[in-house]
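Chain naming follows the written order as A, B, C and D, and within any one chain the residues start at number 1.
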Amino acid sequence: MSDKSIDRVAAATPAPVARKIRGLSDRAIAWIFVAPTIFLLLAINIFPLIWTIQLSFTNYKANRIGREVKNIGLRNYERILTDSDIWLNMQATAHFLFWTIFFQVLIGFTLAWLINKKFKGNDLWTTIIVLPMMLSPAVVGNFWKFLYQPQIGLFNYIVTWFTGAEPSSFEMLGSVDLAPWSIVIVDTWMWTPFVMLICLAGLRSIPDYIYEAAEIDRASKLRQFFTITIPMVLPFLMLAVLFRGIENFKMFDLVVQLTGGGPGSTTELTSINLKREAFEKWRTGYASAYAIILFVTVFGLASIYVKALNKVKER
Amino acid sequence: MKHLKLATVSALTLSAASFGSAASAEDLTLCWAAWDPANALVELSKEFEAESGHTMNFEFIPWPNFADRMLNELNSGGKLCDLLIGDSQWIGGGAENGHYVKLNDFFDSAGISMDDFAPATVYAYSTWPKGTPNYYALPAMGDANGWFYRKDWFTDPEIMAAFKDATGRELGEPKTQKEMLEIAQFFQGREIDGKTVYGASIFTERGSEGITMGVTSALYPWGFKYENTPGSYDMEGAVNSPEAVEALEFYKEFYKTATPPGYTNSYMGESLDAFKSGQVAMAMNWFAFFPGLYADPNTGGDKIDFFVNPPQNQAGSTLGGQGISVVSYSDKQDAALEYIKWFANPEVQAKWWSVGGYSAHNSVLQDPGFKDSAPFAGDFLEAMDAVQDFWQEPAYAELLLAMQKRIHDYVVADQGTAQEALDKLIEDWTEVFEDEGKL
Amino acid sequence: MSSFSVTEPSKRIKWFAGTMVILYALITMIPLAWIMMTGFKTPPDSISYPPKVIFEPSLEGYVNLFTTRTRIAPDDLAALPPPETWYDEIVRDRNMVIAGPSKFGERFVNSVIIGFGSTFLSIFLGTLAAYAFSRFKIPLADDLLFFILSTRMMPPIAVAIPIFLMYRNLGLSDTHLGMILLYTAVNISLAVWLLKGFIDEIPREYEEAALIDGYTRFQAFYKVVLPQAATGIASTAIFCLIFAWNEYAFAVLLTSATAQTAPPFIPTIIGVGGLDWPAVAAGATIFLLPVMIFTILLRKHLLRGITFGAVRK
Amino acid sequence: MAQIQISNIRKDFGDFTAVKESSFTIEDGEFFMLLGPSGCGKTTTLRMIAGLELPTSGEIYLDGEEISQKPPSQRDIAFVFQMFALYPHMNVRKNLSYPLISQGMPRAQVKAKIDEVAGILGIEDILNRPVGGLSGGDRQRVALGRAIVRDPKAFMMDEPLGALDAEFREHMAEELRALHDRMGATTVYVTHDQLEAMQMGDKIVVMNNSVVEQFGTPQEIYDKPATMFVADFIGSPSMNFLPFEGQVAPGEKSIDLSGFSSEVPELREGAAGNLIFGVRPENIQLNDTSAYRASVLATEYLGTTQIVTLDSPNGELKARIDADQVATVGEKVGLSFNADTVTVFDEASGRALRSSLNEGVLNNG
């Protein structure tokens, strides 16, 4: 249809006229269209990043306007990497990352698999399940803090209802053993739907005829699950893990509201620690070095991971 | 150098102010924390608006974010606040970093004398360097950490008898820290009116300043000192003195054995919640909340009473409270100074106390009727006689956050010993002072 | 039995799957339901223990959310003229009078301005760039696209320090414009990627026909391409909006009063003495409603947006 | 190897009936075509034989065993899908070995079997390639290989050439038929392409609107169509339908076509009303002596033959005649019909009247 209209119009318009009224060359338009985006990213992402690198070699403090700024070389990096407290923060972050991703993948995939069974009303229930991830993490964190309150919150009473343990006998946010799990629970509650949606997209991308072929090939349902469903959803799953990994490495709002890093420093993720250094202690140079170390870590891990992902995709 | 310039500016503005305030009606913004006294100040300020023709706007920030938000505002050179009722510990930074206008010349010309204010408050809220006659704020709100309790429970004959049985003492306001712990432990887990209740709610908050403000209420009565000699930054043997270790261990014991479950990250709001929901027999909090608590229709009135932070080796209370400063980034400094002049007026100060603010003015505090004007007024005077404050250094935030971490790690997260916590604290603080070039 | 085929799950499995998913959905809704319920409790009910599931609903939380109140002595209260409105009455019952409106309205309006402003800008710039990447040969296009995407990986705090310094110097701190620009910069990578996917799917022939008809590139772009990409633009816009609507870290660091959005504000709603949970819950509820409505309306487009356009079938 | 017997099979999808009661038998070793336009129910029938759908009613016998309600894994039937349905995340070898490993064959045996099948299909060199990058023909071979490797009782093929381009299709069709001849396995093949069906099939079932219209060898279906649909669907150009009104009785050997008496195979049944005289284009000759006159509307030259479109008293018709015969547009010509190839239809029912030509065919239908 469209082919015909092109032909018709082409025949009707004299070539030189058409060329003249096109106005600007495509090349010029391309640059006009792309430039604002690139400029914005340079100004608000790249330039600050370079500035951060530069600051990371100084003892600058942004709240001390008159103070002399000295170049102190790699001293900030040295201090950070040899600080055992920071290594503890890294461990807390790793714990948080690993378990949130583990549970989100497990529950998210299971849910997607169940939803993909196309029961009646699955659309409605999917929408309901997805709601938590649409909320503001800060507000969510704040309210979960309330829910976790052993005396007046709901969480402990629900646990009591299932286990019979006295509600005031455990403190989700206050005990060193439970607090790291409390933040995992909330993050899992909030972001499992995200993993679920990606898995669902993966499951829906597997055409029915593949399963029919497997059925004809006499593969049992179990074998189909492990040799077809899992491998074909895997690229999607890995993508979900990448997104969640990056996001949770940056995680700040939810945990700040929930525990503020406590008790002690048990849930002080690196991002919280960094915020304290940068905007509460105002050790700008030191915090810049810290930020660079984190950025390089995320970027490095993500690049390695993306390579693995591409391999899986190419298979 | 910058200070000099600022001083000139303020000198100019003050002359403008004294020449006639009606020059132009300004829109002033006053920043403070969001709490009961702030609402009282709004009421009070209506008079100023009527007198001066200026309009007052208020920006009140909740306590947990107050320091963050305001210091951020100052550090970004923001023009949001013309007047700031900033926390006492900010005075060093405010002065050294040029956030606050120096007020000496203005005080002189406006006839405001610092001798009219309680010395402890002038020292704490106005001066930098500490104790020198360099004023960056006018004492606006006296405050200290105190206690309140369920008078109805304390006077319940059954409970009193049970207490006597258990301890051999009469139940009443504690006279020492250890007595207080005993009372709290007595209530811990007790069944009253069909509910399990607990001893006391204390400050354990990690994020801003909560646990430091709580633990210093134990440290000061034990005789804790920041330095061996004031101004020397010589902390070894002071910060980690045997008394300090004992006090810290005491606070941990208090936390572990006499506080309601789940109050692991609690500050002013949580402490009030615990009390109002009937969970605790006693609670620690700032005097600033006491008028509100007393007026509360559910838990106030006859059911509540107050006491000063009990002494142990000596009397000691943690200082709260704030002075009011003029922000140097403001374009309306003259109008802002006018406000301070108005606020310093003894009549205004008297009214300030009557609406729920804690005046620091001698005319109010030394009034013979003051002690009986409220059930907590006497306690307040007593507390203010023995207050101590945290570092007020420009680097106070670094010092505070280090203490928050070390104390919380020990008290709440059970890491290490009290001795280790304080030793580490000295290390952290030494590092900060080295960075500052003061060591 | 009659309509069985091998890829169609059996009734029993469907029943099982449905039950499990509904069960999960119900459990996952508990916290949300609790937030909404708390909004209708009185402050004492909200902190009662054990928690109250059945309670007498009250609008006190909503009244407290939108007002600031002053406590006055009962004697003075009795001397006042009788309350004029139902909300005056609620407040009087607590020995207080309304002192004025709270900041919630302002914060909410800020959220709207910044959320929609940055969404509009992201979509505007993103559409242009996506169109260019989709239709023109741009040198190093793949590298540029990867660069755009990689900015999304940056932890916000990593650039927050210089942005803070930069905004301080440029006077952009605590301004609507500053926040709009910042959120646009964060969102634009998502916008470009999603929109490029949508525009790639619009056949080139449409614009080519328009070009030959005598339209300029610009005309062809907004008269032919834009209408075709409308759905894609709408769903991208939702994702940008949700981010800007919920963002917290930058809002805390870079705003204080004039441009502060609701997320940093809601958790700190303070009653007269202590946290006012019903008011917090009321604020949370009001703040959640727009995104909930969007989510329900646009559920069909969720998948596409969420997978970053990586799923293109 | 196996015989498949379909008996009164029916499939409903809710209110929609995909296949109405249908019966036919596929003999052992036959290359059996299921032919019909899209949506006629042929694929559903095939899927029911394979077990991908279960019939609503009716039986399917595989070597005498009733299997209609069994899952595919218990039927020993292989299936080649229209889109090949290769497992995209596996390489060729893994695709081929999948059915063998599924049934628990030892590794060594699997390898031997795959090598054998790869030899048969000529795909030894691509065994370790991912299936993503393969050409259409190679995918087709792999899909076939995956079916063959199991040595199933029967093959089901759902338009297996549909995804290939025209040129390659013919080549693959030949290859497929040759493969079948070599292996002799019962094959059921679904297509909508009548040429493919005629070219490859031993037997054909023509389906339309969920029912079996006719079932027989290609010749029978071409020469002796049971219904007007079959007559029209098979052959290009398709059979000419000349409507006439009248009455015929059993035993009659001619009919009256607009006053022209035309011979027909001896009728075995009578009918009255609107009837159709059906004759294939190649069974019409231009014959100046004939009294049945028509004018030439157009000619279409096809090399050895030409198609002449004519306007007859009973409507337009097409004749296929030798290319060297002269037919000028506008000219009036006489027409004669090969009487023994004519089929008479009842227009209302679309059914062919039984006659000496088709009685054998219709009886076994």
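Note that in this section contacts are C-beta pairs under 8 Å (C-beta built on N, C-alpha and C of every residue); 3 or more make two chains touch, one makes a residue touch a chain.
Since the structure is predicted, the reported quantities are computational estimates derived from the model, not experimental observations.
The chains in contact with chain B as well as with chain D are A, C. Ranked by distance of CA centroids from chain A, the top chain is D.
Inter-chain contacts peak for the pair A-C. Taking each chain's centre as the mean of its C-alpha atoms, chain A lies 40 Å from chain B. Distance from the chain B centre to the chain C centre is 37 Å, each centre being the mean of its Cα atoms. Annotation: 17 Å between the Cα-based centres of chain A and chain C. A straight line joining the Cα centres of chain C and chain D is 60 Å long. Multi-chain contact residues of chain A (touching two or more other chains) are listed as 62, 151-153, 212, 215, 279.
With touch defined as above, residues shared between interfaces to two or more other chains in chain B number as follows: 68, 72, 75, 273, 277, 279. Shown for chain D are the residues that touch two or more other chains, namely 51-52, 71-72. If you check each pair of chains against the touch rule, the ones that pass are A-B, A-C, A-D, B-C, C-D.
Contacts from chain C toward chain A in the complex involve residues 6-9, 13-18, 20-22, 24-25, 28-32, 34-35, 38, 46-51, 125-126, 128-129, 131-133, 135-138, 144, 147-148, 150-166, 181-182, 184-185, 188-189, 192, 203, 205-206, 208-209, 211-218, 242, 245-246, 248-249, 253, 262-264, 266-267, 277, 280-281, 284, 287-288, 291-292, 294-296, 299, 302-303, 306-308, 310-311, 313. Within the complex formed with chain C, the residues of chain D that make contact are 12-14, 47, 51-54, 56, 71-72.
Taken in their complex, chain C has these residues touching chain D: 1-7. Partner chain A is touched in their complex by these residues of chain B: 1-2, 67-68, 71-72, 74-75, 93, 96-98, 196, 205-207, 260-265, 273, 277, 279, 394, 397-398, 401, 405, 408-410, 412-415, 435. Those residues of chain C that touch chain B in the shared complex are 44, 47-49, 68-71, 73-74, 94-95, 99-100, 164, 167-168, 173-174, 252-253, 256-258, 264, 268-270, 272-275.
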